[in-house]
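Got some structures for you, see below.
Two complexes, one shared chain (chain A), two partners (chain B, chain C).
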Partner chain A sequence: MAGLGDSLLMQQLPSLLVAVPLSFVPLLYFLEKVGVPARGAALAGMGLCLLLSFLPWVEGTELPISASPGGWGGLLGIELLLDGRARLFLPVISAGVFVSALFGTRWSQRWPLSFYTLVFLLFTGANGLLLTNDLFNAFVFVEIAGIATHALVAFRGDGDGLESAFKYLMAAAVGGILILWGIVLVFTATGTLWIPLAAERLADAPPVFVAGAAVLLASGIALKGGLVPMHAWKADGLAGAPSAVAALLSGPILTALFGFGLRILYGLFGGFPVMEGASAVTGGVEGSFGVLGSAGEVRELLRGMVFVVAVSSIVAGHVMALAQSRMKRMLAYSSIAHMGYIVVGVGAGGEAALAAALTHAITHAFMKVGWFFVCGELRRTRGTDRIAAARGAFREAPWLGGAAILFSMSLVGIPPAAGFGSKWVLVLESANAGAWGGAVAIAAGGALALPYYLRIVVRGFEPGRPRAATPVPWDSSESPSCPEPAAELPEGAPPHDTTGALGVRAVAILVCAALILGGFAGYGLLFSEAFSVATELVGSVL
Partner chain B sequence: MGAIIMTTVLGLTGIAIYGLLTRRHLIRLVICFNVLEIAVLLAIVYAGFVEGGQAPIVGGAEAAYVSALPHAVALTAIVIAASSTALMLAYVVRIYRTRGSVRIERVRRWRG
Partner chain C sequence: MSVRLTAVVGTVAGSQPSGFWTHALEAPVLDWPGVFLAAVFLVYVAAAGLYLAGTQPRRTRGWWICAGVHAGGAVALPLAGDLLTFFILWELVTLGAVGVLWLEPGAPRMVRAYLPVQLVAAAALMGAIGMHVAAGGTLAITGEGLIGGAGLALLAVAIKAAVFPFHVWLVNTYPQSRPATAVWLSAFGTKVGVFALLRLLPDSGLELAGAIVAVVAVIYALSRRTLRGFLSFHIVSQVGFMIAGIAALSGAGVPGGVYHVGNHIVYKGLLFMVAAVLIERRGSENMYLLRQGESTASPKPAQRRDVLLLVAAAVGALSISGVPPFNGWVSKSLIKDAVEWPATYYLLIAGSAGTAASFTKFIWLGFVSSVVPDPLRRLSKRRSGRGRGKDSSAERAGSVEIAAGPEGSESAESAGSAGSAGSAGSAGSAVAEPAGRPGGDIARVGLVRGLAMGALSLLCLLMGLQPSWFLPPAAEEFEATVAAAVSGLWPVLLGVGFFFLLYGRCVPALERLPSGEGVARGAIAGFRRAIRAARELHNGDLRRQLGWAFAGLAAGWVLLLVFV
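Here is the complex of A and B:
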């Protein structure tokens, strides 16, 4: 592949990664008009995007690749920047979207065009969020991804989905406003929204603007990502969503948000310095801190807040997950805890802890996507995602049980699953960096997580079926006190058992399982890539 | 001038946040979101305000140019808020049809 490194394709790759998924949004409609089925066209398009997302890994590619659609440059126009961080996360997003689209939902068979159009919009937003080098665009991409996601959460159109979507939309809209407030403060302080120039000027800005912008942007991202204390919407938001959509939300969307968060943290605010001494939760180290110099104390205060948020996310996430009787809610709370793990790694500062956080973000995406698929399969066969209803399910389908065990092991952190590696390094490196509180919380988190996964697995392998064994179509009534109107199920709902779809669903689950196992086998490679990205990020701070 | 605008912005934000935290009626929550949005829009436009500034048209002004960026951000934010509001209202209509109420305590199924 000589010459690919500096070909026109590579120069325009950042633009293509946004433009190709976006162009499929109208294209699907026209293709269907000429008789191409939406599902096939969509999967082909996602395959193409997946291929594109691997292009930066081709030997001889020089990073970062900067593209400026329209040719105005970053200051006046739009800049999309493909750096090491984006290169690491792009395949994760593309693969997550691809397997989720492959898995699909029962309703995606009924309305494939709307489903895949929305998935492509979400894909555009996620890729754009990762690549953009401009706060204005970041806001636009985050909202594009958001609106597509809300519509997908309500895709079934039943009461549960609508309730979830409304709560999620409300939380995300307020999160968007917080991000917008952060952008206003950055603009007031610097007069630009182009991240490199804004970062330069923020260095001399009054600390009050810097701290205000940092807190607002971080809270906006945390609200959208569902960290404690802004987590309340998340379980409700995921519980009513179709499984494939819940997977999209926990995999690609969280990854893109995390990537954007890193861009803000290191590109705009100069990141967290390595902690000196063993001041764990509150920080309070004095001295000079890179770019912000005088604002060092502000940053230590922020770091303290970050740790409080992270540790309380871990504890609250796991404890709440223990208390749930429905799998999707349990998985949503577990996601909150895992976001906490990642934030500990980021907050600890230093290349190694950051690299551990990056690898955990990647492995978490796939294990959570995989678990949601298992959940979707159970819902298909049992009609509900109640844990009690899983009885005997894994006995009937041992491969599903095997996948569930693998994903659980990965989430708890037991070898040979990729989650073990990333968690192990995360604990070690956070402790090394002096973040003892965080390290202890992560280690204890595994112990808290074990019982609630074990509960499902044991239940799944128990003999017999639950008493109400007849699968209820789309368990729309969880609480008998408030019966759903019958009109809620749209006319002509697909038949309950769609055997044709089982094949691809199994493939989607097995792909995730293979990635988890492969992630363990190739953990050294993954971590070294993450480490070079982390070095680049930390090195970008003067 | 600045003080008046900032007071308005903070006042609107306060009203909206109070409303978001206390109201139980879905339409009112949507309205609170819109008030919050208007407050931030006002702040954005004010962030780009230059005393005696002129429109950034090449060759058209003698005084200081005003950056067009905040206005572009404000316009985009209006479009996004309008689509979010449309989506919210669509949900409220559907929620009313399936659950028969638009009050949170009647609509809510899940707690915790």
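Here is the complex of A and C:
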């Protein structure tokens, strides 16, 4: 592999990571015309992207790798930047998209071309969001991902799916507009959209612009990520989506959004230093810190708002998850709580707490994807994601029950699942950085979370099946809005898919389970990688 | 001891990201409290395993795995060298117990009583460790305990050790599991909590609180009618003794408290074993039914075999009451000598006396008679309470007999045990015809169980006679003099006298004690209501969803504009 480090491939890697998934969007169509099945081509393409995403880890790679497609220099400064943060998250996104695409057999078998085209579009948006170093492209990628998302959420084509897609569309549109306004304010104040230059000029900009842009961008990202008080659409938006799509949106896409948020926070606004009075030995840069550093009060006010948002996300997410009777809604609320965990780590400031937040983002992606897969399996066999209908499901498929227990343990934070490691470190490091209120909220979160997972596990291992054959109102064969699949379904076919796709789906679930177990085993390594990324982020501010 | 193991498998110590590395495992701490407790746990695992091996029906493999996780976590926890291991083992103890309870008949009720509160304890412990680190502490377990988060740690300990207001989980799970399951569970959970007090909060200053708990729990124990409900409250009471000892400031307190933990595991296990046999034999938990219908004048063969059981029960009762030369005497003497305040001392004396009275009742109702003697009532020739004591034998003996039946204040408790009496059939049928069971055929003690009980009985005696074989620091502080024997004995005599003279009079008052379950039920109802309110707030109205988002944005903007 010698010489790969400075090869043309590596120089163009940031562009390739966006261009390859994007090129598969039209390519799938033509390949199918030639006779290559869309599913095979798509999985091959995603494998290629997965491979590419691991290239920055090759020995001798010098980060950051910068690429300016089109050669626009100067003020326009269109740049894709592959830094440590992107290197850490790229494999997470690629692997998450890959297993989700693998898992989504039900809908991809029915409409393979459109499903994989949309997934590739989403993939492009996620990778681009992570890599972009200018605000113009950031907005473009936000919208690319958003468009693909709406279509994918509505993919089932039934009433639930359309309602979810509409709510998702409205919320994401508002979020996009907020982000756009924030970008407009930054541009007005600085005259550039290139993040490093904008950050430099923001230092001299009027504080009203800076604060306004910060609030708008933060609100937009919080709306997309589902933080209190902008979380209310989230469960509705995911409830009607196919399980594989819900997994995509809660795992890899949230991770990409978090990566983008970090770029904005640290690249543009200087991030949060360690709080005053914290006993932390690490981190903690005194004096002026980034753009908002000149106004210490503003920074601390922002931090206070961040903590209020984070803690109320944790509480609201877990409490609402307890109240749900449908698994997808429950998992969506649980995601809200976990976003709260991560934001506590970010708000606490300093390298260690930030590294803990990064690792939790990674472990959360896989455990949530895994749980959505379990939910998808239950939907496949039971025809609904109602918790009551899960009765007896794990008894019939103990491996599925085992996976559900593992993912639940990880989400609650019980060893030996990776989620325990990241939650433990997050509690300790946030407390260590002075955010002990957030740390206590995270610790208490586990106590609130276990009952709702345990409920499903217990129900799944109970003997017997749910009483009557469950009506399947969502099934597209009965839905007037979408007559096409009805023609495909043979007469009298079971309402749910019992074809032999289990193998692939089982593989997808087991991959997630293996990652969760492996993440616990290799937690030290993961954390030290995250720590170096966090050090780089904090260091880049000065 | 300062060998640093790597953070988690697969990491080399050299990859520490900076000088601050809070996530390292430390080598086990092998100090005397930890080693002693781990050893006692191990011995008890062997004895209780033997006992369960001789019990029908056999436990399933899943049950044994959960029980093994529970006990294994408890065996390893006293040796944990860092808080991460400590927390993981603490969780294992909890999860193992949840698994065991889950596999019992009547599981949902027990798991509901057990799990939520244990989750709160685990979260509190995690939060406490976080605040300890926030205050600048390290994860290594040292003699100093936590330097931050004492309140949260105290909550965790109080729940895990079932200290009085947090004991509800204990008295709602152990008495309702199958009899032999309680034998297994009784040893580990609460002792882990007490040990956590020693490790995390050595300077807790809870001496007086421990003594108060000891007395209050004894009063509750005296009010119980079910055998294992009674034994469970005695766990709470003895935990009070242990806490008083560990929190006592003088030198003998900690060895005394730790020795009491070990002693208590042994004799309480023995008592639970005896209780399990009695319950199987009679098919009832009700203490007043254990002898009913059996004549003491002409013992049947089954009753003659009771002699062996009686020996075991007597050893357990003598030990827990603190009669010399049994083991409870040694540790209780140490604790009483160590406490600082006179109030604590007298409360502990009262607790000892109450314990002695309780276990006189245990022996009396289990092996002698089904009626509690009440000489005062005979003097006054008055009948006992309305609707009670219709039996002419009660009148003749001048005794108070508590009728078993649904009208009692503990009807809920007996109903709970009815579902879980397990092997011996339902308690309900036994209540209907208590005398109809031919004792010996139902439950022989058997050689295996006899061995287990004999071993623990012997251990009770040995731990009392030769403390230096078990815990040298305790033995150093303790001198087996006549004065010590007398000071151990007089509270016992006081308690025995109380039982024979006054207890019959106190029963009606004792049975009116508030159970505290209303508070728990109210808390659960309040939580449910809060969840429902939150659910109604999130009602799926898109206008509301976006409205909140804009309100959040506006709030953020206004706040910033005000400050900028």
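Just a few scattered comments:
FYI, the second predicted complex is superposed on the first by the 493 of 542 C-alpha atoms of A that agree within 3 Å, B and C clash if a C-alpha of one lies under 4 Å from a C-alpha of the other, contacts with A are read in each partner's own complex, and residues count from 1 in each chain.
Criterion: contacts are C-beta pairs under 8 Å (C-beta built on N, C-alpha and C of every residue); 3 or more make two chains touch, one makes a residue touch a chain.
Worth saying up front: this structure is predicted, and the values here are computed from it rather than measured.
By the document's definition of touching, both partners, chain B and chain C, reach A:Asp236. When both complexes are overlaid on chain A, the residue A:Gly522 reaches chain C alone and has no touch with chain B. In the superposition on chain A, the chain among chain B and chain C reaching more residues of chain A is C. In the overlay built on the shared chain, the residue A:Ala323 is in contact with chain B and with chain C.
Once the two complexes are laid over each other on the shared chain, residue contacts for A:Leu43 go to neither chain B nor chain C. In the superposed model, A:Leu510 makes contact with neither chain B nor chain C. When the shared chain is aligned, no partner comes close enough to touch A:Ala19: not chain B, not chain C. In the superposition on chain A, A:Leu27 contacts neither chain B nor chain C.
In the superposed model, A:Ile177 lies in contact with chain B only, and not with chain C.
Comparing which residues of chain A touch chain B with which touch chain C, the overlap comprises 166, 170, 174, 235-236, 320, 323. Partner chain C is touched in their complex by these residues of chain A: 166-167, 170-171, 174, 178, 207-208, 211-212, 214-216, 218-219, 222-223, 228-230, 232-233, 235-236, 278-282, 295, 297-298, 301-302, 305, 309, 316, 319-320, 322-323, 351-352, 355, 413-415, 420-421, 424-425, 427-432, 434, 436, 439-440, 443-447, 450-451, 454, 458, 520-525, 527-528, 531-532, 535.
For chain C in complex with chain A, the residues that touch the partner chain are 6-11, 15-20, 22-23, 84, 87-88, 91, 95, 102, 115-116, 119-120, 122-124, 126-127, 129-131, 133-136, 139, 152, 530-532, 534-535, 538, 540, 542, 544-546, 548-553, 556-557, 559-561, 563-564. Taken in their complex, chain A has these residues touching chain B: 136, 139-140, 143, 147, 150-151, 154, 157-160, 162-163, 165-166, 169-170, 173-174, 176-177, 180-181, 183-184, 187-188, 191-193, 235-236, 239, 320, 323-324, 329, 478-479, 482, 484-485, 487-488. On the chain B side of its complex with chain A, the touching residues are 20, 26, 29, 33, 36-37, 40, 43-44, 47-48, 67, 69-70, 72-73, 76-77, 80-81, 83-84, 87-88, 91-92, 94-95, 97-100, 107-110, 112.
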